[in-house]
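Each remark here refers to the structure printed beneath this line.
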Amino acid sequence: MIKLLVLIPACAGIVTFFVGSDRIRRGVLISAALTQTVLSLATWVVPPAPAMGAWLAEDPLGKLIETLTSVLFLAVSFYAVAYLREERSQTHSDFEEGFIFSNAREASFTGCLLLFLAAMTLVAVSQQLALLWVAIEATTLASAPLIYFHRHHRSLEATWKYLLICSVGIALALLGIFFLAVAATNPDGSTIALMEQDLRLNAHHLNVPWFKAAFVLLLVGYGTKMGLAPFHVWLPDAHSEAPSVASALLSGALLNCAFLGILRAQEISVAAGLAEFSGRLLLIFGLVSMAVAAVFICGQTDYKRMLAYSSVEHMGILAVGVGLGGAAVFGAVLHVINHSLAKAMLFLVAGNLLAVYRTKNTGGVAGALSVLPVSGALWLLGLFAITGSPPFGPFLSEFTILKAALDQGQTLVAVIYLSILAVILAGMAAPALAMAQGTPPEHIVPARSRSVALSAVPATLGIAVFVLGIYVPPVLTRALREAAHLLG
Amino acid sequence: MLFGSVLPLIVALACAPLMQGVITRTKSVIAGRMGQPLMQPYHDLWKLLHKGAVYSHTTSWIFRTGPMVSLASLLLALALVPFGGFPALSAFSGDFILLAYLMALGRFFIVLAALDTGSSFEGMGASREVTFSALAEPALFLSLAALARQTGRISISPLLTAVSWSVWAHAAPMLGLTLAALIIVFLAENARIPVDDPTTHLELTMIHEVMVLDHGGPDFAMIQYGAALKMWLFATIIVAVAVPWHSGNRWIDTAVGLAGMLILAIATGVIESSMARLRLLRVPQLLLVAIVLASLAVAL
Amino acid sequence: MTTLVASLLFFGAGAVASVIFARRQRWLRLFGAGGVILGSVCGLVPAVRVAMGAPPQSLRMAWDVPYGSLYLRLDALSAFFLVPIFLICALAALYGTEYLEAYRERKSLAPAWFFLNVLAASMAVVVLANNAVLFLMAWETMSLSSFFLVTFENEKKSTRRAGWTYLVASHIGTTFLLVLFVLLGKANGSLDFDRFGPASGAGAFFVLALAGFGTKAGFVPLHVWLPEAHPAAPSHVSAIMSAVMIKTGIYGLLRILTFLGPMQAWWGWTLCAIGLSSGVLGVLLALAQHDLKRLLAYHSVENIGIIALGIGVGIVGVSLGEPFVAVAGFAGAMLHVLNHAMFKALLFLDAGNIAHTTHTREIDRLGGLLARMPATGATFLVGAAAISGLPPLNGFISEFLIYMASFKGAVSSGAFGSVPMLATLSGLALIGGLALACFTKAFGIVFLGQPRSERAEHAREAGLAMLAPGFVLAAGCVLVGLFGASVVRAMAPLISNVTHLQSSLIGFDLAGAANSVERVAQFGALLIAMAALLALARTKVLARRRVSTATTWDCGYASPSPRMQYTASSFAQPLTTSFRMLLQTREVLTGMEETFPRRAEFHSHTDDPYQRYLFQPLFQSINRATAFLRPLQQGGVQLYVLYIVVTLLAVMLWEIA
Amino acid sequence: MSQLINSVLVLLVLTGFMLLSSSRLAACIHVVAFQGVLLGLLAILMQHGELTVTGVLLPLSTALVKGFLLPWLLFRAMREADTVREVEPLISYNLSIIAGSAVLVFALWLGQRLRLPSQPPSSLLVPAALFMSFVGMLVIVSRRKAVTQALGYLALENGVYAFGAAVALRLPVLVELGILLDVFVGVFVMGIAIFHISREFEHIDTDKFAASTDRPR
């Protein structure tokens, strides 16, 4: 069953490369996404048996991330089909510089999407740390072509940065895994297998200096991929240049996968009694990420970049939550879900805005509420959700983290955390509100009928964000508790 | 008993215009003129009451209501003040707040009536009136608070009756300061020199008189009578503080009170004759002085 | 409690119906307003009963949200705030049915009705919530829904700007509350209100509450959003916001006081200081305004200041062991909450009537409206007299209680303790005088004299739906003025809840205060009678005389024109000049150069000093700092990898070595 | 045996310096290719004499991929890019070498601090591997062309691999292959990207990337 989770999208992805018909290819995309989602939901009812010598298994944390990825992918794939239909014409004129560009082949875009899903699923279910690494690197490779969907120089530049910087980071993570292997070697030469569970159970036998070094390398390596500052530098470019479908997945799903890599290391660190050391590092990087995001959100003129920096901010919040430990971990895991849903929705809405206004400049967008009522309303909803206002999901998770910080007596952390959140709200609200409200520029016409999925999908996500803000289902709470259990 | 309480009111109603007559007479005497008769204010009122009325086209019912409300509120305010040996008609804790705000109510309507004419001169007067009274109000309240602190009462009638020579004996400086502040407030509130000149004929420089330029006949009579009552009211407070004669016999006390009123009227006339009117911009400073005096009186 | 839940359900239904019938104007109006009105009327019943002394009620349900529970509790304190909330919401909704019609052609009214329902519901939940998470959610929902109502006319740039300011301010306020409640929860082990109790660090809690709730209430210097947001909103929303929404800040403060245990004198002093600066600055800035609704908004700051003074005096009274001072102070503050709700809603609605027909809020463009809008004018006059604290109206009663408390405090405490009392006393007097100046200006220039512009010339009276709420509120102002004593007497449980004083003490002193209030009311009635008598006499006298009309006397100038009238700016000028130091009014005078000058212009503008000298520089410096750091992201891949390398080496060196 | 290992390690260190000092792009690719071959050799030497089929085949395939396949890809990319075949460093070669020496010192120090739990065959192992990784990063940071950056990435990867080989890590075959595949695909994709970059920009100088910045304009 676990193998199927990975294999279905992988095979479907390979198949789609060779399918000529648009209709069939899109059908394959939807059906693969659907099957995978059903399967992963089924794992909540019927726990799957470990596969490949327990290399692939579902632990609570992995299950959560896996399901989230599947569900998000399903939503995005509905959107993607509609999006690709709208993007049919092969050449476009760039709306910033006016040159003519074409899109990549739809077949390779769809194929890469599915392979990307396969890689992300593999990340979620790998229990073997080196395999995890392989999977994370695979996500980079599968997603790079997605960013270069629009064939022009800015997206190319973004792709290059993404590819190179993430590869460098991931290479460091590999070094970290080797360090971990050294740490797992006993003086007598016997070793602990690089399995998550084995390492956790034998954590007290680990060589502390090597483990610390390994943790730092893993943090920097996966942190690069996750977008922790100051390794986040590729992120705003990649997320803003990619088509919105890809941006939604990059922000909503991929960052979680990279975060999972760090969480695996954190689990071992907690088991080894080094939570204070690793927690402090996570806390510092988390706060730095939030601060850096705040700096770039204020005065940001490109709304997709703004969303990208907001992802950096939220990755920072996750790191702070996990770094604090205790009840904050629960908040952090909850925040993973809330952020993914909210951010994916925002990126999809941004795609809709982009399609109508043909500019990424915040100044060029106004009156979205009257031009695109649903998208405009969702944009505002997303703004309030992502800045942590009740009654939306992120409020609850951010509140939980804050409460944990204050309960632990980490007043300074709480103060910094809150001030940054306030600055980000102020910085984000000004341009985002002006986009939704006001009178639209004269040349914008809400004319051409757009596919329902383009607003229905983000609307669904928006409803989910709202519901999670006023009701956290007990089954989810239990799953979150279990997932947070091993993280201190 | 009831008669005793009504007496201060009757005295006030009867003698208030006389006080204005005394002031005017004092000024004429000092200026070396014969001056108008002491009873002239009564004649004026009588004459006004027998006139018709002329209203501007711009005015509304506010203009007609103003004098009535103003007079009504002053009449009620007088019911709170004792005179001589007689307590006020009504007394309860915090009644002087009502007193001050009844006067404010009167002012509110007079000012609105002035604005109702649409004349810029009356607007100007109204503007000055509210400015100076806004500053006079804290001085009045602080003075009352100073008295309240000395006597331990928070109702005006017992408070004024409680001021005695023994209080003076042990808190003379405070009472002196309070008295000074009260006199400044008295001059400001009643449009006397050095704040305002009731006899000027240049509209640009007037305060109270310019506000009522458009009133005539019975309306104007009400306003003038109200002004006289207001002066009487303030004077009563000052006299009660300055001449705390409690002989035991109410009639003697009342006579002493009346004598005090006479002296105050003459003093006012003397002040008016010996001083020039202040520049309008300096008036707030004078009122500020009153506030400072009163605060000192309380704080000491 | 069932009625209250039903009331909340009505609001919910109204909100849902507003979405469903978004395109059907008549249904939308029916259901949108119907939800608010039905919900409010339904909720008024239990609220009034508990406010008049019925036992508290509560309702608790499990709620699957971290640390949350659906825990509602209606006690005397909640009920006292709930009554004006429901009252004003219902009236505002009625008003809105006609007022919003003007926008019908231009935009969808669905958001306005949707968020009005949400706002009403969230305000109700704010005062009912007995769990911190629920409270915070309702609190933010209240802020968000009112934000959307404020930005209803978002096609105007100034409105968007105001919306942003409001949003950021309320968010920052909420931030303090988050910390406050989490710390309270930490100290008491639960986030339910009934588990909160006296804990160490009460002073810190008080300061946090002051900052958090003060932002909503509009305490200086946290008030800067208020004069922006309230005028920008549609008038019925301005009425709700000014009249009741900002009072939830006062509610929160009082609610927190019930948790904190013994009150300390410095809390009271702090509140007195805040109240004084809010009151004086609020009324001074109001005087300097040219925009009628902005003027009213600054008066909200002033009145919140008066309420803070009352609470401050009350706290000082409690801490000094002077029950009368405490009782009168709190009673005055509470009564002023109710009174301000009534007269401020009335004034905003009347301002809405004016804006509705003249399409301007510039005071200096209006004039002579009393003849054209007699009902609006009469109710506005009642509101203006009430807000200036004049007898026999309700505003005087509450200020009277606060005056009494501070007089009593000044008389019975030592030199040290008397300072805040005396400051309160003279401050109140100054505020009262200035408010009188301000409202003679507002009423005099807007309604009296002659119209100063074409628009005012053609003003027409509003319809019944827009007038009826005004009548109700004006009647309320008179009734509370005459029967305030019974309201004061009903406050005993509420005050004992907040002050923790023995109820026997409270009962005695409250009776004393109520007696004075009753005497004042008698005087009020007498005053009305006396005025009526004089009016009768005057009519009698004039009946036999010649009454004629003529031109206003203008020193012999024969044909005065409306343009020659005194203006609002010139009316306020002596005061704004006297307080130049605080107001920093900017004046621009051009022309008057040649012997026969052609054209001269004069402009004056008064910025909010805190906005100009505190918040603008603060936000600018944040902007500058971020702009300074932004070159970090300059594009080159090499530099980016360098960041990674340097950080890695630094962390390695730090952690390993 | 340990002398052999030592000499391989010294050679690896030398390749690092060569990478930093060569001015020709082609020479650099050759150096990295040589590194790949050396790595394969190192991996075989570290088998402690017990030669198994996978124990030989894996290092061989590593050498094949890293020594021939990837360099070939890079050559192709370079030819397609068809630009100046100079390295075009951002800092001078001398400075590069000085930086390299500094990095070597740091690597030696780090090797001192982090002692392997079991006695390694050569004390140079850890420092040499770390040095190689650092050199890779140094190349990325200090060179202008996209091709050089791919090369730097490869050198970094080689260093990491060398570390793995050096500590005689017994990773499962599947994982080893996966890692290898990742590196291969990575460089392959980079090659494609370089091709596009050269077409799109008419240069492959990544320091001129500035379309997406947050520098105030």
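Each chain gets a letter, A, B, C and D, in the order it is written, and its residues are counted from 1.
Going forward, a contact is a pair of C-beta atoms (placed from the backbone, for glycine too) under 8 Å apart; a residue touches a chain by one contact, two chains touch by 3 or more.
The model shown is predicted, which means the values in this text are computed figures rather than measured ones.
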Q) What's the overlap between the neighbours of chain A and those of chain B? A) C
Q: Please state whether A-D or C-D has more C-beta contact pairs across its interface.
A: A-D
Q | Whole-Å gap between the CA centroids of chain A and chain D | A | 30
Q. Approximately how many whole Å separate the CA-defined centres of chain C and chain D?
A. 69
(Q) Can you work out the whole-Å distance between the CA centroids of chain B and chain C? (A) 35
Q: Please compute the C-alpha centroid of chain B, do the same for chain D, then give the distance between them in whole Å.
A: 99
Q: Specify, in ascending order, the residues of chain A that touch 2 or more different other chains.
A: 160-161, 164, 168, 172, 209, 213, 236, 296, 299
Q) Which residues belonging to chain C are in contact with no fewer than two other chains? A) 627, 630, 632-633, 637, 641, 644, 652, 656
Q) What positions in chain B touch 2 or more of the other chains? A) none
Q.
I'd like to see which chains touch which, written out pair by pair.
A. A-C, A-D, B-C, C-D
(Q) List the residues on chain D that touch chain A in their complex, please. (A) 113-114, 116-118, 133, 136-137, 140, 146, 149-150, 153, 156-157, 159-160, 163-164, 167, 169-172, 174-175, 178-179, 181-182, 185-186, 189-190, 193, 196-197, 200-201, 206, 209, 211-212, 214, 216
Q: Could you pull out which chain C residues touch chain D in their complex?
A: 627, 630-639, 641-642, 644-645, 649, 652, 656-657
Q.
Applying the document's contact rule, which stretches of chain B touch chain C when the two form their complex?
A. 49, 51-62, 64-65, 68-69, 71-73, 75-76, 90, 92-95, 97-98, 100-102, 104-105, 107-108, 111-112, 114-124, 126-128, 130-131, 133-138, 140-142, 145, 148-149, 152-154, 203, 213-214, 217-219, 222, 280-281, 284, 291, 295, 298-299
Q. What residues on chain C touch chain A, complex-wise?
A. 63-67, 107, 133, 136-137, 139-141, 144, 151, 154-155, 157, 160, 163-164, 167-168, 171-172, 175, 178-179, 182-183, 185-186, 619, 622-623, 625-627, 629-630, 632-633, 637, 640-641, 643-644, 647-648, 651-652, 655-656
Q. If you look only at chain D, which of its residues touch chain C in the complex?
A. 90, 106, 110, 113-114, 137, 140-144, 149, 206-207, 209-216
